[in-house]
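For reference, the structures are reproduced in the following blocks.
Here come two complexes built around chain A, the first alongside chain B, the second alongside chain C.
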Partner chain A sequence: MFLANRVVVLAVVLLAVVMIGFTITRSTGTPLYASLGVAVSEAIIEQRAEEMGLNEPIVVQFWTYLTHLLQGDLGVSRISRIPVAEDIALKLPATAEMVFFTLVVSFIWAIPLGVRAGLRPGGRLAKLGEGMAQFGVSVPAFWLGLLFIFLLYFLPPRINFVIPVIDLAVGPFPPLFPPPLGRLGGVDPPAMVTGFYTVDALIAGDFRLAWEALWHLILPAVTLSLTSGPPLFRVTRTAVSEALASPFVEAAYSYGLGRRTVLIRDVLRNASPPVLNLAAMTFGYLIGGGVLVEVVFSWPGIGSYAVWGMDNSDYDVVLAVVIIAAVIYVILYFIVDLIQFAMDPRLRD
Partner chain B sequence: MTTTSPRRERRLLARALVGPTVGITIRRSLFFFMLFLAVIGPWIETIGQWIPMPVYDPLRPDPFNPVSPPSAEHWFGTDTLGLDIFTRVIVATRVDFTLALIGVMLGGGLGCLAGAWASYRRGWVDMIALRIVEVVQSFPVLLLGIALFAALGSLEIFGPVDNGMAVLVIAISLVNFPLYLRQVRSVLLPLTEAEFVQAAKCAGLGAWGIVWHHFIPNARGQILALFPLTCAYAIQIIAGLSFIGLGIEPPNPEWGSMIKTGATLIVQGHWWVSVFPGAFIVLSVYSLTGFSARSETLVGPGGTSA
Partner chain C sequence: MNSGPADGALLTLSGVEVTINTLSGPVHPLQGVDLEVFPGETVGLVGESGCGKSMTLRSILRLMPPGGAITGGTVEWQDRSVLDLDTDELQTYRGSEVAMIYQNPVTALDPMLSVERQIVDAFKANREVLDGAPEEFAREALRDLEFGNPDAILKRYPHQLSGGMAQRVNIALALACGPSLILADEPTTGLDMTTQVRVLDLLEQQVHARNAALLFISHDLRAVARVARNIGIMYAGRVVEFGPRERILTEPSHPYARALLECVDLRTDERPRSIPGLVPRMTEVYPLCAFRERCVSRMAVCDEEPLPRHELGGRRRLLCHLGPGHD
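What follows is the complex of A and B.
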């Protein structure tokens, strides 16, 4: 019953998402001028409109779009004449890889600090975490990315001075990170298996290439992690401190269990569901939420693709990216819901 | 379980008494400073004549001084056209603050009404409201903005209002609508059965009367707590959309579009073009969040990755 209910809701939400995306991008008067320019005759415009099905009523257009969408056809780019679905298949892994490593970075800083802050509020590490969270919330991701590029790519080779008294020459250093020009620096990408360059390079047995791909990933991932990690930190902190104050932890202590055992067996295990939940949501959100960071690092993902489509008035591209990102988010939400339902018997009444 | 030494205890006590208030006070004064800048923005040139401060016309290029580093004549340097960044950063404060405020008030106001209505009516009204929230929130904010600009960006349907600004306001209100709806609904839902609601019903007050006079006032605290946070978030969205060239057109001063100008220059070492506008975004967002004691309630997963 619950499952059937959720599936119906999922279908309705997905349909609404496609519908809203469609009406928003199609409500422009004529997208024709955008693709043809103004200096063409009426006849050509008329012919093109007929070709693109723009003379049909919008409901019919939507139906056509929807049926094509269900067959995996997202239309054709009006500029490059490449099917949008093909482009997305190439670009989605780039975005997914960046977002995946963003979460990896968040798991390195936000969650340990959150656990620590929950265990010992007011401690030094708790304050560090809160400071980083405050910073991450206030700073725009794209600006932080630019700052990193300046400090870690541009500046190191230009540091060149001598400390007077001890006569020590400092710098120039090599750039700590590669120029912000995409996933690899002019090297051929590995054979496509998963679309994650790091994984593909390892499958091909090319460790240098894997390192190269990872090196290009670090800055975008750190940038996104600092700005999207604060909620993870805070949720972890709350979850841990709540678990710590709960009766079952008190009970565990009264059984005479050691601190470490209680921490792992009771506190962390009970604190993990909301954290994993949020991590999954963050993943879904960042698929479309990392647009600006992609632009800053010239990352060839779906975000830059959407911006490219926008700049060229290529609305099928914009629409496709919007729908894909929203659908991924909705489906992830659905899966998280199901997992929670499976894990927590209390939800089943 | 945890033992506290007397010294540590004293320190904690001192911090509880002084610490947070000092931080919050600084942030709030910072906010009033930003507000002051937003107010004086258009008259900055006149003010520059009274106090010794190098301010210029924010829109007049100086072709002999492009991309010059910070100096006594140009405190924050100049950009590619030779426009003075110090002046422009100050003038932009008003643009960003105003757009954020209008957008949040519009979307938030409608969201509050809809949330109160949904929690009063319950049943299918509530269900539809929740589905709408779910659908709108499943779009990533910036992609939603891009889609809106794709649709409305080239239409001149807002009369005298600048088209880009109008679409920005629509985008901001669309993002804020579900946030307020959700918050207000979650506060008011338990009140539907409250006695004062029954009493108001018996007194013959209509549904909208109850929503307006008895429901909304009960959510005031929540709404006020959400307000500065969403304004801060809105500033980031405005800057983010302008950064990819949507919204405020380049010669007009706006933080995001100024950062865009500097984005290509930063790999050549001309950091000041992007750094100062960005720093102003950070300052205003940071100062705004100081108003919310409950800054934990962030707007969503990755809420501020604008």
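What follows is the complex of A and C.
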């Protein structure tokens, strides 16, 4: 029942996304000039419009798009003439890997600090977390990315001077991180299995390559984590402090259960649903919301791809990215629902 | 003031003070609580809401809310000081020696864990060796509380229990730990009349069957009068009068006790009237009598001298300038 309900709701949401996206992309100017240039004759334009089905009523065009979509056909890029689905199959894993590592980084700082801040408000770690959260929400992600690139890639090789009195030469240092030019520095990628270079390299047994891929991931992931982690920190803090103040936690202590047991069995368990929910939402949001960071790091993901599509008025590209981001959102939501369903007995009745 | 543990008492509180630091300043809910509980007996504490009854129970278990601390007095369990127990000893003391039953039975259970898991975990925390499967003990524990189909209840989650069932589960949980003192914080306040009577009867019966003592608190004098042999009257963080039930119910000495008694008719179930005036908010320490503003017997000395304490023999005690021998 629960499952059936969800599936129907999700299908309706997706259909709405496709309809709205389709209407917007089709109603903002004609894609003809973009693919042909402006210096062409009326006749050619007319012929091309006929070919592309642009003379059909919009409803018919939508129907055509939808039936193709359901068969996995997302159209063809009008610029590169490559099927959009093929491009997305290459670029989506790049974005997904970056977003995945972003969450890994957030699980390293935002959630532990949030737990700590909930358990001990006003403590040093609570203040550290709040400071990081304040910083994260007040700087733009692309700016932070540029700052990291400047400080950790650009600057070290340019430090080069001599301390006068003691005659000590300082620098130049090697860059701490690779140039912001994509997922690997000119090396061949590993054979495609999952599309995550770190994982594929490990599958191929190439540890150097895995390390290289990881090294390229760190700066974009840290950048995105610092700017998308603050809500995770705050929600974790609130959830933990609310759970901690529950009567059942005091009752558990009163039966003589130890602090560790109560924290894991009662506090963290009861605090986890909202955190899990937000983590999934953050993942979904970053699939499309990390665009500027992708651009800054020349990350060949679907965000960069969408920007490229927009630059060229390549509407099928833009629409496809919107739909893919929505599908991912919806699937994540569904998975989180399933997990919460398994965890929380109240949802099962 | 601190006279040390009374001979043979299970639990002795002397001059217990609690301070809670809140964002809007300190609160002083307990301002010198004296109380003894002897093995196997039933003691009741009664007082209006906000008098510090729940805080008294929490201080016995050393369970303080965030920002709260026991800032004065002593809590003795037999001949040990509860305030000096280390973490391990405290864990053993909680549950195995003293267990608590809470006012809201549903929120006192973890909503995400089955009844079975909660009882079994309490068992495991308090019994070194179990001669049998813990699930079997959990089933027995529920059967003691007159659950006809314990197996079905064990599989349930708290939201699937009615208030009365949830409170019986809480009682089973507390008893499962095998304590010699049960603290009951208004255990029937949220339940309807018939369920109240049933749950109280069960509680008394099970406590007596185990020779455990019961410290029962309620704002409802009738509920306390039903179960307790000795009754303490609590006001503004102090037990202002203590004595045997018959004495407290027929000729109480403290004006507050008399006012409480006048508000209820013990022979009917009518809703009690209330005493004019309000319980203080406990943001100050009151060296003088905190009941002065509401007291009909207030004298000049009440506004000048700190509250005296009269030991009246037996276990009777009175904190009032009137003293025992008036009218």
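Here, the second predicted complex is superposed on the first by the 331 of 349 C-alpha atoms of A that agree within 3 Å, B and C clash if a C-alpha of one lies under 4 Å from a C-alpha of the other, contacts with A are read in each partner's own complex, and residues count from 1 in each chain.
Just so we're on the same page, contacts are C-beta pairs under 8 Å (C-beta built on N, C-alpha and C of every residue); 3 or more make two chains touch, one makes a residue touch a chain.
Everything numeric in this text was worked out from a predicted model, so none of it was measured.
Colleague: Let's test your reading of the overlay: on chain A, do chain B and chain C clash or fit side by side?
Modeller: Chain B/chain C on chain A - fit side by side.
Colleague: For A:187, select first, second, both or neither according to whether it touches chain B, chain C, the two together, or no partner.
Modeller: It touches nothing on chain B or chain C.
Colleague: Answer with first, second, both or neither: which of chain B and chain C does A:9 touch in the superposed model?
Modeller: first
Colleague: So, A:199: does it touch chain B (first), chain C (second), both, or neither?
Modeller: The answer is neither, since A:199 touches no partner chain.
Colleague: Give one of first, second, both or neither to describe whether A:269 is in contact with chain B, with chain C, with both, or with none.
Modeller: After superposing on A, A:269 lies in contact with chain C but is clear of chain B.
Colleague: By the touch definition at the top of the document, which applies to A:291: first (chain B), second (chain C), both, or neither?
Modeller: The first partner, chain B, only.
Colleague: As a test of reading the superposition: which chain, chain B or chain C, is in touch with more residues of chain A?
Modeller: On the superposition, B touches more of the residues of chain A.
Colleague: Contacts for A:322 in the overlay, against chain B (first) and chain C (second): which applies, first, second, both or neither?
Modeller: First partner only.
Colleague: With chain A at the apex, figure out the C-alpha centre angle toward chain B and chain C and round it to a multiple of 10 degrees.
Modeller: So the C-alpha centres give an angle of 80 degrees.
Colleague: Looking at A:247 after the superposition, I want to know if it touches chain B, chain C, both of them or none. Which is it: first, second, both, neither?
Modeller: second
Colleague: Does chain B (first) or chain C (second) touch A:258, or do both, or does neither?
Modeller: In the superposition, A:258 touches chain C alone.
Colleague: Can you work out, in whole Å, how close the C-alpha atoms of chain B and chain C get once everything is superposed?
Modeller: Result, nearest C-alpha distance in the overlay: 5 Å.
Colleague: Do any residues of chain A touch both chain B and chain C, and if so, which are they?
Modeller: 253.
Colleague: Please give the residue numbers of chain A that touch chain B in the complex, ascending.
Modeller: So the residues of chain A in touch with chain B come to 9, 12-13, 16-17, 20-21, 24-29, 120, 122, 134, 136-143, 146-147, 149-150, 153-154, 158, 179-180, 224, 227-228, 230-231, 234, 238, 253, 278, 281-282, 284-293, 295-296, 303, 306-307, 310-311, 313, 315, 318-319, 321-322, 325-326, 329-330, 333.
Colleague: Under the stated contact criterion, what part of chain A meets chain C in this complex?
Modeller: 245-248, 250-259, 261, 265-266, 269-270, 343-346, 349
Colleague: Sort out for me which residues of chain B touch chain A in the complex.
Modeller: The contact residues of chain B facing chain A are 1-2, 12, 15, 131, 134-136, 138-144, 146-152, 154-155, 232, 236, 239-240, 243-246, 256, 259, 262-263, 266-269, 271, 274-275, 278, 281-282, 285-286, 289, 295-296, 298, 300-306.
Colleague: Per the contact definition, I'd like the list of chain C residues that touch chain A in the complex.
Modeller: So the residues of chain C in touch with chain A come to 58, 61, 63, 66, 87, 91-96, 99-100, 102, 104, 107-114, 121-122, 125-126, 157, 159-160, 170, 173-174, 177.
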